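Read the structure below first, then the notes.
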Amino acid sequence: MMTETLFGLPTGVDAAIRLLIVVGVMTVVVMALIYLERKVLARFQQRLGPTRTGPMGLLQSVADALKLISKEDIRPKNADPWVFELAPFLVFVPTFLGFVAVPFTIAWQVRELELGLLYVLAVSSVNILGWVMAGWGSDNRYAILGALRAVAQSISYELPLVLAMISVAMVANSLNLVEIVRQQATVPNIVWQPLPALLFFICLLAEMNRPPFDAPVGESEVVGGPYVEYSGIRWSMFFLGEYAAMFIMSLLGAAVFLGGGAWPLGEELGVGWQLALTVVKAGAIIFLMFWTRASFPRLRIDQMMSFSWKILLPASIAQILVTGGILVYNLPSGLEHTLLAVTSAIGVLFVYTAINRSVATPRPRPVVLVRRSEAAR
Amino acid sequence: MKGILRSLATTFSTFTRKPVTRQYPETHRELPERDRAFPVLLWDQEAHEPFCTGCHACERACPVECMTVLMKDNPAHKSVGGESSRRKIIDKFWIDYGRCMRCNICVEVCNFGAISMNNTWSGHEKSAYDRAELVQDLPMLLSVSRGGELKPWVNE
Amino acid sequence: MTNAVQSDHDFEVQDIMINMGPQHPATHGVFRMVLAVDGEIVRDVIPHIGYMHRGGEKLSETMDFRQGIGFMDRTEYLAQFNAELSYVMAVEALMDIQVPERAQWIRMILCELNRLSSHFMFTGAFGTDSGVFGTAFTYAFRWREEIMDLFEEITGDRLMYAYFRPGGLAWEVTDNFAQRVKYVLDQCRQGIKDVDNLITNNEVFKARTQNVGIISAEDAIDWGTTGPVLRGSGVPFDVRRDEPYLFYDQVDFDVPVGQVGDVYDRWCVRIEEMRQSVRIVEQCMAKLQPGPIMPERMPRMLRTPPGEVYIRTEAPRGEYGIYMVSKGGNRPHRLKIRSACFTNLQALKDMSVGNYVADAVLILGSLDIVLGETDR
Amino acid sequence: MTNEDSAPARSLDGTIWPQVDRALSGITASAERAVLDVIVSIPRDEVVRGLKALKADEALAFDYLRCLTCVDNEEEGIDVVYHLYSTKHHHNLTVKAHLAPDDLFVDTATTVWRGANWYEREAAEMFGVRFRGHPDPRTLLMPEDMTDTFPLRKDHPLAEIEVLQGEGIAWGVEE
């Protein structure tokens, strides 16, 4: 579907302009995100966070960027030159491709794609190639260990992510992101589909390598994983890619589950309101990611895999079956949606208990207190 | 899951608390008067000379041998027409702060109360680019006490 | 060293050797271990220590008894009071000095507060090892800071206190000592609660630490492990309880003991020990009476008669022993520091082999090593 | 209690020496009382046998090696000192084996307690005592190639101190 072009320009030029705007905005957003993450994490830890550069440390990201650009670009002697140097681009470019379809408002995005949801999910998982290249090309054992973990993790969590999204698409009867947003003008999808929302958030953390799923980059184990040999501008491209992906996926989550620019103000309100709503919703998801980062230990790689394959995947498949089973009967809208919400909520409870049960044997009292009188002498 | 939620609640409760860190170079924490930074020599404000007579007690007691002391006859002693009651006085004194381990022993062995630990911030902010810059000579050692910056603390 | 792995392939399969440390965020200083890994599974661990060896025992032989105290701080730089205590108690035992009661109570209070601060440090470092990004660390430091402020007010230094002397204490505590200790204890209670709530019951943490790095009670004794590592394995051996020094026989406290001997048990034992320390300090404060802090007649120059003594105290990491041989004179003939981390580290290989790489990091963290003490 | 009276004429009454003596039957052992513990001296060739007997004895059960170290007595040779403890009965014992200065070896105690491993490695590199049958005789704290000097021996000199201060004031090293 083709929306009208800006100022009646030719389609190609119009697309280029839109992309440039998006890329420019994204760079600023990424910088803001890095600053915000540091500030918010600092508050979680009762610290002040960056304060030196500019008022309240607002220019910290700019200073970081300048520092990273001016740093020497080091390539290890034994590294594979092409693979090593191309890897950051392969992480960075696919991430930015995702912006083509993400709706910022109901009427404005780079391109409105009929298969927008599928496109964003597909494109965002390409960057794993860059990770493998980085891990292999660095000729570093930590890097290869981290890259292998990243691949395993990415493959395992891609499945429940996509399956959860399919369930939502079934309810919306569309893969067009704009269409999905438009349908949520009254009630957002999270109410009808809480289980996919939960699965989406968990998989989101895993896809972004955020705690508790940050085994591929865990500092205390593999010291940054695939990043370990990178420095300067190349390292910052990884970083940029990471935070850009974070924002894209949050926008996606806001659009699919929280009603994007449509809920609760509806389509009538201005573009500014819609944009603000989208950003606030995406911001909420991002805040949740910061929050989990501040509170969670890291899962081991095998636990991470079994969590995905044994809990998330069955849950998402069950959700698709149930959703399909309800939708196939063409029930009245109210009843259908209630049924969807109830079954999905039961699914959430299932995941909740499954997490509880999956933890190692419960110990009623972790420590036994030995009284003084029990001393041997 | 309960534990996970509790973790989240705990971090959120600290999110709402006031940050406890300080902006260090701008705002200094107040130091207790017992604070031990590095040893400095004390200045006798009445006689206008150091208390130190250069008796080598601290030099001998120093576990890391960071001090060098030289004494001389006091030019201001009564016998040569001055007003001071000190027959001998310190001539040269070096302390290598890079070597000092701030154990307080020199203060404890001093019979004249002539050496003390610096309890101001100037004693802590001593970073230098060269180890040799950390060697303090007599005027440097006396300057803190001479300026009256030291907080009084009587060691029982 | 590479171990060829049994395989069905017609090509040879080798373990990769991963070198962790001496510069690695998880090795708590300058510890180095070489891991032979098969995929993610650790097949062999070769620990290397000695990067921080400063010849402390040799140096102590050249220092007299007053000068040696300052050096003890620098061996065990997270539980300095305990290290000083062992040293001065060794001198007192050789010289047969009676320490006044007040000095002993104050020593006890300071040692227990030191245990609190050291365990806070452990929770922070271990939290970081397990992947809580900085939060556990800042929590721990925030509460440890209160204790260190108190120590600074009393001794004048934040880390290297040099406050205990053979015979008693260097000087009297501050006038507002009682209020300050009470305040610090309140803060510590809040801190223990925070750290406990943040980590102990977290399912992710439990999944990571339970049944990982198990060492049985027999093995733990055979390897000579001490402190929370030994108690985590279920051996209720605490020097404070079994061979009371100071006035530990006059206060009431419990010895926490784990049931499985895994990383989680060691964590829980330490958290419980912190609570017990708060209890001990409270009892000590109630019994603290005014009085002298040094014996009335102390020789100006400390000279010991010939003899030897092995003094052991329960430092936060386990038994901190000083074996002091004197041939007369004002300095020890031989001073051996029996370090808790040194022995605990020996058992690292037994615990780690067969676990994941990520677990090896956690197991090392659960030993709570201080390299200054290990290498001396 | 550490601070209890330790009279100079210390007798062996009331100590665990009778039990130790019984456990060490067939091994030449002599005892004296130090400030805290009983010191049992066993000849070099029999010490590991003695340690095994002490560990195996039901009433003693010295299952825990607290510390193993050496003491350099200069011309009199080197003493290897074992500090034992029983986690069952909560008592201590110090065992000493004397080595002549020109004959520095002793059997390894790792066969009794695995925990003796690092202690012996340290003692070996610091004092030049050879522990026969040690499973892992590498250096521990010292560099791998530093096998000819023994830092903790009394004849090993301290390093010179670098003097940074003074206007040409010569500064000797005390030791």
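As written, the chain order gives the labels A, B, C and D, with residue 1 at the start of each chain.
One rule holds for everything that comes next: a residue touches a chain if its C-beta (ideal position, glycine included) is under 8 Å from a C-beta of that chain, and two chains touch if they have at least 3 such contacts.
Because the structure is predicted, anything quoted here is derived from the model rather than measured.
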{"item": "Maximum centroid distance from subunit D, chain identifier (CA atoms)", "value": "A"}
{"item": "Nearest-to-centre chain - CA centroid comparison", "value": "C"}
{"item": "Between A-C and A-B, the pair with more C-beta contacts", "value": "A-C"}
{"item": "Distance between chain centroids, defined by C-alpha means - subunit A, subunit B (Å)", "value": "54"}
{"item": "Distance between the centres, which are taken as Cα means, of subunit D and subunit B, whole angstrom", "value": "41"}
{"item": "Distance between the centres, which are taken as Cα means, of subunit D and subunit C, whole angstrom", "value": "23"}
{"item": "Residues of subunit B touching at least two other chains", "value": "1-2, 4, 7, 10-11, 14, 20"}
{"item": "Touching two or more other chains - residue numbers and ranges from subunit A", "value": "44-47, 294-296, 355-356, 375-377"}
{"item": "Residues of subunit C whose C-beta touches two or more other chains", "value": "135, 139, 142, 198-200, 202-206, 242"}
{"item": "Residues on subunit C engaged by subunit B in the complex (per definition of touch)", "value": "63, 66-71, 74, 135, 139, 142, 145, 152-157, 160, 162, 170-172, 174, 194, 197-206"}
{"item": "Contacting residues of subunit C [partner subunit A, same complex]", "value": "16-18, 24-26, 37, 40, 127-135, 137-139, 142, 198-200, 202-208, 210-211, 236, 241-242, 252-260, 264-265, 268-269, 272, 356-359, 361"}
{"item": "Complex contacts: residues of subunit B adjacent to subunit C", "value": "1-4, 6-7, 9-11, 14, 20, 32, 34-36, 61, 63, 101-105, 108, 117, 119, 155-156"}
{"item": "Interface residues, subunit A side, partner subunit C - complex", "value": "41, 44-47, 141-142, 145, 149, 211-212, 214-215, 218-223, 293-303, 355-356, 358-361, 363, 366-372, 374-377"}
{"item": "Touching residues on subunit A, where the partner in the complex is subunit B", "value": "40, 42-48, 51, 291-292, 294-296, 352, 355-356"}
